[in-house]
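Below, chain A partners chain B and then partners chain C, in two separate complexes.
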Partner chain A sequence: MRLHKLNPSIKALTVILLVFLLSFVFDPVTPLLYWLFIVVVTFSLGKVETRKWLLIFVPFLVVALGYVWTTAVFSNPPAGTELVTYWTIGPVEITNYGLSTGLALGLRVLCFAGLSLLFILTTDPVKFILSLVQQCKLPPKLAYGLLAGYRFLPLLTEEVKIIRHAHKVRGANRETGLKGKLFALKRYAIPLLASAIRKAERAAIAMESKGFTGGRSRTYYHQIHIQKQDWLFFGLMIGLFFLCVFVSMQLGTFRGYGDI
Partner chain B sequence: MFKWNLREIVVMSALAVVFAIVYLLFVQVGNVFAGLMGPIGYEPIFGIWFIVSIITAYIIRKPGAAFLSETIAAFIEVLIGNVNGPRLILSGMIQGLGAEAAFAATGWKRYSVWVLMAAGMGSSVFSFVWGYFVSGYAALSPQYVLAMFVIRLVSGAVLAGLLGKYVGDSLGRTGVLNGMALGKEMKRKKAA
Partner chain C sequence: MTAPLLTVDNFTFSYDEAEKPVLHNLSFTVEQGEALLLLGPSGSGKSSLALCLNGLYPAAVDGSSTGEISLAGKKLDAYLPGEASRRIGVVFQDPDAQFCMLTVEDELAFGLENLNVPREEMADRMEWALGLVDLQNYRTSPIASLSGGMKQKLALACVLAMKPDLIILDEPTAMLDPVTTKELAETIKALHAELGFSLLVIEHKLDHWISFMDRCLIFTETGEVMFDGIPEDGFSFYLDELKEQGVWLPKPLVFSEQLNMAGKLPLTEDELLAAMNWQAFEKAGQLLQKERREYSGTILETRKLSFLRGAKPILKQVNVRLPKGALTAIVGPNGAGKSTLSYTLAGLETPDNGEVLYEKEPLAHLSGAAMSEKIGYVFQNPEHQFITDSVYEEIAFSLRMQKKKEADIEQIVGEILAACRLQGLAHQHPFSLSQGQKRRLSVATMLVDEQSLFILDEPTYGQDQKAAAELMKMVEKRLAAGFSAVMITHDMELVAAFADQVIVLVEGEVLFAGVPHDLFSDRSGLLEKAQLERPLAYSIREKWRLRGESLAASQA
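Take a look at the complex of A and B:
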């Protein structure tokens, strides 16, 4: 089973379902264990560059830290919780409850980031859209319109360059200060959007003149299927999640949505 | 959906592509704020993430414009590589539904400044309920959560509603929208 070869729709479904499941967990042990599993699955089943992975993942440590300390400070323990205060800073008390809930939410962010990386680093965007048409009944009119729009992406950087040159030629590139910067932003944004709209209209006319109707009765050059290994992956990821919940329960650390 | 012509669909995707990049840039900004201030750091700029649904609905004026454009923008963000991954598509759908609800309430007939601001606030409400669940706000104190909600509501009205209308009108004046509902309305107004 290779992550790159899995059906993109099933992969996406798995990730979204896991986000749902993780959202019911409020103890730090379950997400920590699951995060480890995510990392193991990503690197053992997918061909992922470690450097690239780290580059995207590391910023999330900062976000996670933000969650940890805010929750630790602004936590709202239910009545009757046994609280142990670790530190008192002025009016703020850091309790065992606040800290563990904070860690849980922070680790949840890391799990989300790990799952997302597992998806985006192993999925070809075009195949994902084609799979949505063939497996999830996305209307072809919308899907191919979307693909046409997606193709403008590299053209946009080119367009920004052209606009910058045009501004330079007219000597209109010298705004300073916040107000000037905001004005400059508008001078880029509106021409950029206008040219994107013009390009889109031209592409649509070209598609229609070549006989694209957007109907469902069409053939596909790339046929995308759902295979046994796709459901195997689905089962594996969900199974691992419940294994983490089970271990956390055995350790007596598990807390779910009802316990907070 | 099937009353849409291909031109409108491709224009919508092109707008979604441009704003997907804007959204991605703001994710970086938001992450810095969130690291410093916790989840509340996202709130003041949250409205910017609803803007494409306001602009598209304002320009194309068809049922589904707000919902589809926001969903596509989220989808394209995932394709470019937003680290929030597939769950972002779900967030996009929910935000789009919030704006769509406001337009639906007028029967997709009125696109005044108030309706656009209400649509921005609609996205705020829907996205907040979703965030409450996914980000575990239930564990935070009610006052803190309320503060977050109010800031997001204002941000949705201003950064999505007002700014969205401004961008739409500016685009209309360039003449590229002559084939779209907004351009046609502007022409009628000029003639009158």
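Take a look at the complex of A and C:
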């Protein structure tokens, strides 16, 4: 089973379902275990560049640490919770409750990031959209529109560069400060929008001129199927989640939605 | 005789019922296998007609129409949605805005999927279509990696794969350089002969098309047909009207006029050659002796300029000198580094190595403000340069930057508006102007600054003959006043007619720097290497010479 070969819709469904399930978990052990599984699955079943993965993952790590810190410091335990204070720094008290909730939240963020990366780095956006059309009944009108738009992104960055040069030559980039920068942004936006709208219109006409009606009656060159391995992946990921819940329960650390 | 493929009967079309119709009472037919040329000024509704013919308009724009269009004996309205578009393929002008998929094969598949072609058949049809345009080796390539010419060939392949009865070419070469244009036109010519589809060509520059057009329609500015017949007659009967409309005439025709040649109007180079006699040839030789502008000194020079993009060298040790008071042209194939060189000359990009000297002083020592006072740049797409909300403010912008008095600004702006024929448009939004007006405004904004050097990127690109001529007149006036200019261009006629110096750039290296006459007289293969086309006058001279040699050889 290779992650790249899986049906994108099922992969997306799996990720969404897991994000949903993870939101009901409030202890740090379950997401920690699960995060480890996600990493193992990502690198063993998917061909993912470690450098690229880290590059996107690190910012999430920072966000997660922020969660841990703020929740640990500003925790608001319900009345009657047994609190153990680990550290006291001035008026700030770090308690067992605060720390564990903070870690749970932080690790949840890491799990979300891990799952998203697993999806994004192993999925071809074109196949994803085609799969949405073929499996999830996304209207072709919308799907092929999205694809055409996706094509324009690199063209737009190229255009921003030219506009920046063009404005610099006219001496229009001399204002500094926040107000000047915002003003410059507005000036870039108009030519950029004008050309984007024109390109979009032309592309739409070109698509229609090739007999595209937006209707469902069409054949597909890339037929995207759902195979056994897709459900296997689905089962594996959900199974692993419940395994983590089970282990955490055995350790006595599990805290779910009802246990707050 | 069988019924015509396409019949247009009393057809009128308008975008809005309240507005004047774009197309007015059109009636014409297209026979099976016929090649039809549509001629007319920009804005005469030719592109709208293309979209009406394949059934997209009026529905797509909520326009309204009267009269009838029938395809293969059946009214267009009677076809199911999308069905007419399948029988009439269109290749549009913008190579970047006619695809919706990322790779060559997916794009080809898109059209076939719309046709409900069974999946098993697709591969064969794709191979076949790619083979026709010589792109078989690019089947899995990303479209973004193709050159402009290859993209247009792909667009053609996509249309061919659908096996249409009629192919409409809506200025397919407007964004291509002359060599690629020639290649595309020749491909289409061969395919038209081989496959026998009907062809409807809308083009501004006719030179490569005219030789295989069976008939031509000439449109008026108001969207009426004023001529329907063979191209030769069209050009002889309506020559003055066509000139007045700013239509680009075939180069041989213009040339024969310059030589005052009598007789039938030549439309192709071969016809011109056949019609020429010794006297005409002598006269043609005199035309090459262009009056030279006087200039001296150097305004800008580069020393061992190198520029890298990533690890890839874009410019390699470039040494160029721009004479003061002269027009220097930079020419070369796409991707040769022309834009990068011009950006570096304008101080917009910093070279990795070497330096640019402005009047012997390193450009890098100047502040941004000082630089934009000395060097101006007119970009290819005028819209990129507009920064304010009205034509007036656009011209006043840099005057305000210089903290000039309001009364002075008003006077200067008024003068510039008059000089660029933009009076009455002062309060319009720059984006609402026509293509030619936009171009003039973008040049006007540069004129007001009075920078001693200005750089023009493809100044005549996408413009009709009249607008292009006007623009070059403005440039020449500037040069006469002692300013210096650089232009990047693919148009060798423009170089031959206006440039004092020409720099040939190939793969980041300067292969030639000198007067255009020497470049175009070169016989060492330099022109081929730089993918440059000889201007007509030089090409005629070459062919005449070769003919003379073979004649001499046969007599010896």
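For the reader, a short list of remarks on this structure follows.
Here is the rule we go by: the second predicted complex is superposed on the first by the 259 of 260 C-alpha atoms of A that agree within 3 Å, B and C clash if a C-alpha of one lies under 4 Å from a C-alpha of the other, contacts with A are read in each partner's own complex, and residues count from 1 in each chain.
As a convention for this text, a residue touches a chain if its C-beta (ideal position, glycine included) is under 8 Å from a C-beta of that chain, and two chains touch if they have at least 3 such contacts.
From a predicted model like this one, the values you see are computed outputs, not experimental measurements.
By the document's definition of touching, of the two partners only chain B reaches A:108; chain C does not. Legend: residue contacts after superposition of the two complexes on their common chain; A:219 is shown touching chain C, with no touch to chain B.
Looking at the superposition, the partner that touches the larger set of chain A residues, chain B or chain C, turns out to be B.
Applying the stated contact rule after C-alpha superposition, one finds that A:62 touches chain B and leaves chain C untouched.
In the superposition on chain A, no contact is made by A:54 with either chain B or chain C. When the shared chain is aligned, chain B comes close enough to touch A:70, but chain C does not. In the superposition on chain A, contact is made by A:194 with both chain B and chain C.
In the superposition on chain A, A:168 contacts chain C only, with no contact to chain B. When the two complexes are overlaid on their common chain A, residue A:208 makes contact with chain B and with chain C alike. In the superposition on chain A, contact of A:40 is made with neither chain B nor chain C.
According to the touch criterion, the shared surface of chain A, contacted by chain B in one complex and chain C in the other, consists of residues 148, 150, 190-191, 194, 198-200, 203, 205, 207-208, 212.
Taken together, the chain C residues at the contact with chain A in this complex read 51, 54, 56, 60, 81-83, 85-86, 88-90, 92, 94, 96-102, 105-106, 109-119, 122, 143-144, 155, 158-159, 162, 343, 346, 348, 368-369, 372-373, 375-377, 379, 381, 383-387, 397-398, 401, 431, 445. The residues of chain A lying in touch with chain C in their complex are 126, 144, 147-148, 150-151, 154-155, 159, 162-163, 165-174, 187, 190-191, 194-195, 198-200, 202-203, 205-213, 215, 217-223. The part of chain B that touches chain A in the complex is made up of residues 1-2, 4-7, 9-18, 21, 31-32, 34-41, 68, 72, 75-76, 78-87, 89-90, 133-136, 138-142, 144, 167, 170-171, 174, 176-177, 179. Interface residues of chain A facing chain B in the complex, by the touch rule stated above, are 12, 15-16, 19, 23, 26, 56-57, 59-60, 62-63, 65-67, 69-71, 74-76, 101, 104-105, 108, 112-113, 115-117, 119-120, 125, 128, 139, 141-142, 145-146, 148-150, 152-153, 156, 186, 189-194, 196-201, 203-205, 207-208, 212, 214, 257, 260.
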